[in-house]
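For clarity, chains are labelled A, B, C and D in written order, and residue numbers in each chain start from 1.
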């Protein structure tokens, strides 16, 4: 299949490489062209605009940082909607706002092209290993095209519904739940540490018992060892998703005290100089710090 | 092996039955004797005091409601310590305070009998199916006796350390983490419900992805359907454990904002008349109620 | 002095009436012209656009609902900046965002007209009685004109600084502090009520002691009696200011857990159907409700 | 009048001195006798036990640190109840738990002696200047004796009701409200500081406007200058009162999220090594610290 792929960050690059490996004819675009080179070596064509990557494609994937980036690559003369043929399909994998997803669904409909939201759970290593969990939403006719492709990219594809923005809501809810796991592990490790119980041993005990889901294992190990660099998913991206969740919930009239607590943690870290090069699990530093257990005051 | 078993609530009765089934000579005691009858039918001897159940036993198990109940069956003339032979072993499976565990460890040591803390994760159906996750702590010589027995009762036995109270701390931390999962699912289902996404579908999507640990499945289903009766683990027991966690953390100087939030939820439910016959996952009702989504105002 | 006055809500109308009474030549404008009639009777001229009210004026006051309303009356052909003579002064009394104040300060400077932010503390009865507390900020040359006028309108004028937006920040901080007083009184009255102590008696005792500031008296009485209608300052306006404070603090990197709690209260009330006709002190209903003490479930 | 006075901390010593100055025959007792010497110089007799101070007295005052200290001076052979004549009156000014007050009211009734709870608002300088705000509760016949005496010691005496413990509840509620003011000022000063507005100027502006109650002035100045030593009311005493409030509210079934937040602040400070020699307004350090504004990391 002829595929356009826009956005070659650590997630996008891994996914695009898998599409190439699966035999597709992939045309990539990235704002900073340097990142396209390793994909070219793997067999991709490199386009000079998003619209060019979309031209003659059956499907265009996007995996970009935020709402603004999605607007930038989709709209305008050189954008995806301009380049994609009538009846073509845009699969948006980015974590964007519910609002933006609704806006894009409407704009694509008007332009006569398909739009599927397919945000993912999983970090770059999971993307590379085709182990992503993918949430897909869109019209049936578009899902019929999208789902077989998505199944090549992850270990499961959940069908959320017909409205693309609902997949984005599920993704935001999932990231909200992950952020609470991070805070929980921070508080749990603080108690253990103060009680003379090795936090890493605590994490092993609990994840060998009923807390055996991947997030407890992955984040538990990072938090117990207070090792937040390099970032698998960076603090600013985590903060962005927390903001999007709070905004979506506010629009729906739903208070989220847990998300509010995590919001304050992000602000505290920023004020204390914990940088954008940290993984978002550094949120746990606040609970550790409040218990007098933070190892590195200088970070 | 000759085994005493004290405390035949829904958890204790299931565990004692498994010990009988495994071929042990089990002598049971329960404060209200009616509950001992079904065990007698399965082959247990019924003692009239905890001390009598302990007499001539190699190991005595206790699975009782709280610190006071453990004191009541352990201390005094008719208590376990009085009845157990020198060198015998007491395996305490109850969820008790860190303080009480330290106190009991010292008292048993003085009396020349062994003490192992072995609290469990899992609800009555898991106990019956030998699927408990067990956390064990105590001196090596006592664990050598306890662990093979415990392995007959659950799917895994985690060795926490040499100090019995550390197993109780891990259990309290685990229940704290479960309570946060409950609150998280309440908030998540509130957002989904308000957005027109069936909360049960949300739970299925997330537990088929990276939130695939048992608590998300069990509690997610209860919360999405707002079905909190009958109680697998009752509201008052959940509130007790929240209190024990906060007390242990306060003694260690660790603030736990998440546990504080859950604490307020328990108080709100009680003031709003949600009764002791509800499962502790009813904590999620608060988030649902604050979003205007509570189905049954009359509960 | 010739004065333009834009925005005749309950606050603006009371202030404009006082300016007329003080002998100024007042030209008023209100979006819905009906509200201008009572001012006309008191001697005001009624303009048909904000720009017309500004024309030939020495000073134009604005007291409008929010950022958007201030933009609407200030910008554009028929706006204040278009109508005001070079060297004229715009005194903005509205509670607007720090951002908007910075933007307006810059735009006025470019247009060669003065801009002073002078938001106020006090409800409509205080405005009528010239008992407002006013916070003023702006360049010295503009404050020299503004302060004597403002002193005619309130019981004190605090000079915040040279940057207009700083007065808006102080106002937002003040409203944040008021919202916390409301929540505090809700929790205090909940405890008293449950203990069999009349909440109104509690409020009298405390405000006769060291809690003798006006907000404790005014809100204490409303909350103890659970009487939230009519609105002196409405729920949606209170929620707006809470949002502005959180946004300003986020931009500065400051977590405000107290404002986060109040934020959730506003959302809960909205979801539970407490309407825009309620005073913002209805925030206290949440604490009362969580204690099972809410008198009127139907509101 | 012949008066016994037990407890000569900074509050008690100031009050006892005022009673002497007002012409009463005062017999003092303090656990560490050194503190009684300056009172002896002012004309007090020094007793060697609480019971001796109570002997032949019409009224005995107590002003001690906590429940345990009140028990210690009241009960037993050498205690107040043992020494006081039938019909004598015990006026308890200490901040104690609601529980303890109920217990003492019952014990005094049984012993045939009167009991009035009369806790106070105000710091040592206010006690010395007879500027305390006093909350009194007890049977009418006892208040008839107590109130005229209390009026000599403060600027106002509020009559709470007939049940002594209600005065203690009002006192705990008041201290709870003060603790929230401290947290509020911490957050407010954090915003101001980050925005380049001198926190001291902010406090002056607000306390010259509608936040003109003493706590805003006193704590505002301490917090804006981050000057928490010496302690007017120490961190551990503030933490004790927070605990008592949470316990009383829990017994009543009332969630207090604001008190829960303050609870966490106390724990954080202790873990970060802020000592008992700090004023409880140091609670504000947490908000300042989370905003990156804490001046002295070493305290």
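The criterion applied here is as follows: a contact is a pair of C-beta atoms (placed from the backbone, for glycine too) under 8 Å apart; a residue touches a chain by one contact, two chains touch by 3 or more.
Note that the structure is a prediction, hence the values are computed from the model and not measured.
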#### Entry: Equivalent interface positions on subunit A and subunit D, same or different at half
same
### Task
Report back the single chain whose CA centre is most distant from the CA centre of subunit D.
A
#### Entry: Whole-Å separation of chain centres (CA-atom averages), subunit B against subunit D
41
### Query
When the centre of a chain is set as the mean of its C-alpha atoms, what distance in Å lies between subunit A and subunit D?
53
### Message
Centroid from C-alpha atoms only, then distance subunit C to subunit D, rounded to Å. What do you get?
### Response
37
### Task
Would you give the residues of subunit C that are in contact with at least 2 other chains, written as numbers and ranges?
194, 249, 253-257, 261, 264, 267-268, 271, 290-292
### Task
Mind listing the subunit B positions that touch subunit D in their complex?
249-250, 253-257, 260-261, 263-265, 267-268, 270-271
### Query
So in the complex, which bits of subunit D are touching subunit A?
194, 264, 267-268, 271-273, 290-293
### Query
In the complex of these two chains, what residues of subunit B are touching subunit A?
98, 121-122, 133, 135, 156, 158, 160-161, 166, 169-170, 173-174, 176-177, 180, 183-184, 187-188, 190-192, 194-195, 197, 201-202, 204-206, 208-216, 245, 248-249, 252-259, 261, 287, 290-292
